[in-house]
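Please read through the structure below; I'll follow up with questions.
Each chain carries a letter (A, B and C) given by its place in the written order, and its residues are counted from 1.
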Amino acid sequence: AQVEAAPVDLSGYTRVKQDLVAPPFAPVHEQVATGGPKLIEINLETTERLMVVDEDTGASIWALTYNGSVPGPLIICHEGDMIELTLRNPVGSMMEHNIDFHASTGALGGGGLTHVFPGEETVLRWKATKPGCFTYHCAPGGAMIAYHVCHGMNGAVMVLPRDGLKDVDGNPLPYDSIAYIGEQDYYLPMDEFGDYKTYEAAGEDYADSLDAMRRLTPTHSVFNGAVGALTGENALTATVGDTVLMIHNQSNRDSRPHLIGGHGDYVWETSFSTPPLTGVETWFVRGGTAMASMYTFKQPGVYAYVNHNLIEAVLLGATAHFVVEGEWDNALMEQVVAPHSFEA
Amino acid sequence: AQVEAAPVDLSGYTRVKQDLVAPPFAPVHEQVATGGPKLIEINLETTERLMVVDEDTGASIWALTYNGSVPGPLIICHEGDMIELTLRNPVGSMMEHNIDFHASTGALGGGGLTHVFPGEETVLRWKATKPGCFTYHCAPGGAMIAYHVCHGMNGAVMVLPRDGLKDVDGNPLPYDSIAYIGEQDYYLPMDEFGDYKTYEAAGEDYADSLDAMRRLTPTHSVFNGAVGALTGENALTATVGDTVLMIHNQSNRDSRPHLIGGHGDYVWETSFSTPPLTGVETWFVRGGTAMASMYTFKQPGVYAYVNHNLIEAVLLGATAHFVVEGEWDNALMEQVVAPHSFEA
Amino acid sequence: AQVEAAPVDLSGYTRVKQDLVAPPFAPVHEQVATGGPKLIEINLETTERLMVVDEDTGASIWALTYNGSVPGPLIICHEGDMIELTLRNPVGSMMEHNIDFHASTGALGGGGLTHVFPGEETVLRWKATKPGCFTYHCAPGGAMIAYHVCHGMNGAVMVLPRDGLKDVDGNPLPYDSIAYIGEQDYYLPMDEFGDYKTYEAAGEDYADSLDAMRRLTPTHSVFNGAVGALTGENALTATVGDTVLMIHNQSNRDSRPHLIGGHGDYVWETSFSTPPLTGVETWFVRGGTAMASMYTFKQPGVYAYVNHNLIEAVLLGATAHFVVEGEWDNALMEQVVAPHSFEA
């Protein structure tokens, strides 16, 4: 059918290139679209690499990635734009890869048209018809779908409304920065002593991984690929008064993010075409979803952004930090009496 | 109290019979109700039968069913109608059964009034006061509740608004067909070699099943009773331009359906009295819920409808297929350059 | 920063004291606020105590509590009010505690300002700026966060809109009573024979507990601290025509409450600033959330309020009962023919 399909007229589109950047950062973009629809060229490479998941235990994985990061880079466009992806699988890869964009329509989200073996490339163009945040991921077929996704091969596209984000009454909701957070559930095989196994090359953990995955209980659930990837030196930063758009991608498993000490002023759990939830303590990420929450920081200090299954946050790794500068507001909170002995 | 309750005047109701059909199909019904309220007679039989869950492994279960299928048949009425159920437990059954309709009001959803032992029948009438999709299930009491539900004894009622489905602005949302999908989590006992155990009769797996269920990790999560029940020869079908209403029933465990290559144009996660979510990538089924999503197909090809915990989709069985005929639209997606070696 | 912050003018606030009560009850409160904003004094004590979780098995836990109950007491205020908490850790405690209020803003929800060692107390004041139900919990740092929360150290604050609860059209939604239900996931360590282990003092189960928690599968999920805490003698009560506001707190793990035989007429899953869902069969509690559902009872009898993962309801303990008095309405449901042998 596709061979005989009518050719498409692209004369109304302006061709531009989007330089993708590593998470937690966002590519240069407009919040409110200027001009007509764009045809946005992007490049993704299916990079297989050994990554340390937790320095404390030495747990590691032969990650399957887009452009080397877990999650893959954030792609941003507006409703009505087209994405033209060049997908390249390096010669040295061990495995076939492809890509399924939840934001797209047809052919298994593009998965059916983008299978690239090591040394191959392909070009796919698709139109962003629905506003929202959407996950993308590798889906080579059968059990390999879950295997690739659970090895890091996923990321997010944000399709903004042409006139930007709005509240329920149509008032604009601009943001000062984006924090792009991918939560990754890993199912790392252990040996009979409970130590994480190591492997020589990508794919060698396949049988062991399927056994571990079948139990549905991850050994790790981390932000941006590894325990501590967004804490300490790598913490996110903001200033009191900043409005941050937090984009959370989880391609496989439910999550429930909470910003400790803050809130979701506006939360889009499902799309940008349904008005945002407001004043939310803990929002929900349906497994196989990217979504967005927005917060304007009101106090300085360290905020932990966690999966509020606190076992997953503190034992499995799902914790990020925002370090926020600015002036404390005693009207919002005050330590009236510092901790002291009441026997004194 | 019930014995002394005032008799009800049914003179305003037209008595009709609804012939129930096996999933994934829907009974003959009106989308917009004509005439006054109906009193709809239905029949359900509590059939216990040995079912193969996965032909590849030979995994099987003594399923507990309504009318022989997992899920039980879809029942459709309009808000304000009454359902009059005759529930019959065959003479040869091993177990007591009953039925709890989430759509109904009082007496544990009817569960308290419908306990039938083998060889017994009863008649229950209830009024559909809330529009939405609702699960129904067996609930004989105590641990048997979970045991029966996890052995397939559940299904769905759809209570349509009298004037049919609407978008947030009140525009009608008619559909061309219904795909009725029940997701079933099974907890099949294994022997010490990891092989699925077999049993001689319904109920013999009771103690083993409770042990397996307590771990909260299903061995299977399948659509319409068995791995592959809605793929291959049994795939669902549609044509480009068709609007399909997908009804998802999961009586016990959360799920997150996604239509690979498509979307939820309209999604009612909780009821028909709250406006639908729009443009959704992956929706959420609260465990113990039936819900509906609506999509108009825009491209031909094979679409996989999955629980987007991809481990559950590809290892546990939660995958269905839609085979869609029609013309490809290059404006939505085009393979600009087919996969080829970039060294050539 | 906090030391140098401007002092706050509290002259517009009326200082009152809220006497907290044990769950499932609610403190005396106004639904619609009269007068100006209040500064509400409350007291919480971090009580460590040995609790029986299930009398049948003898399973027990050295619970970590606020004021001795699991969940901690319900706190109620209105948007714009301030809460002034005195938090006291008894001299005989084994552990450090603090408190993180999801309803508050800054300093890790107050967690950073309230660390009290045994024999210490502190006073924290914070402003309720967002209407909704919010969880609070202990969060002493690192793995201790999950350990304390999974030992019962959590509860809920309800921040009502000043003019009370409303439907989507702004009509008032008053209630006759509150049922405050905290769902607690416990991960009780077992010995090699599968028996629950016992410990001499709070904290002694720390290493064993972390091992059990890491599997993410609770041994118990109970309402108000123990199996059967809200059934039998302890069942909740109501009368036909009563409107009950059910507040569900789950600080760690997702849940999906269902009222068997009833519905959620109005359900606020995320906040009071987003209009309620209506006519819901089963609602969703994001782990790390308190939320509210409202129902007006229409029939007499026993209603079970359950986590509708029925395994968790019947095997893990997540069941409460409402015993409702009043007259049966045959127009809503009628047993037309009682169960009888169809061979006779």
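Keep this in mind: contacts are C-beta pairs under 8 Å (C-beta built on N, C-alpha and C of every residue); 3 or more make two chains touch, one makes a residue touch a chain.
What you see is a predicted model; the values in this text were computed from it and never measured.
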| item | value |
| --- | --- |
| Topology of the chain contact graph, where touching chains are joined (line, ring, star, complete, other) | complete |
| Angle, in degrees to the nearest 5, of the Cα rotation that carries subunit B onto subunit C | 120 |
| Whole-Å separation of chain centres (CA-atom averages), subunit A against subunit B | 31 |
| Residues within subunit C bordering two or more other chains | 217, 254, 284 |
| Contacting residues of subunit C [partner subunit A, same complex] | 1-2, 4-8, 84, 88, 91, 100, 102-117, 119-127, 129-132, 134-135, 139, 142-143, 145-146, 149-150, 210, 213-217, 251-254, 270-274, 284, 286-290 |
| Residues on subunit A engaged by subunit C in the complex (per definition of touch) | 217, 254, 256, 258, 260-263, 267, 277-284, 298-304, 308-316, 326-343 |
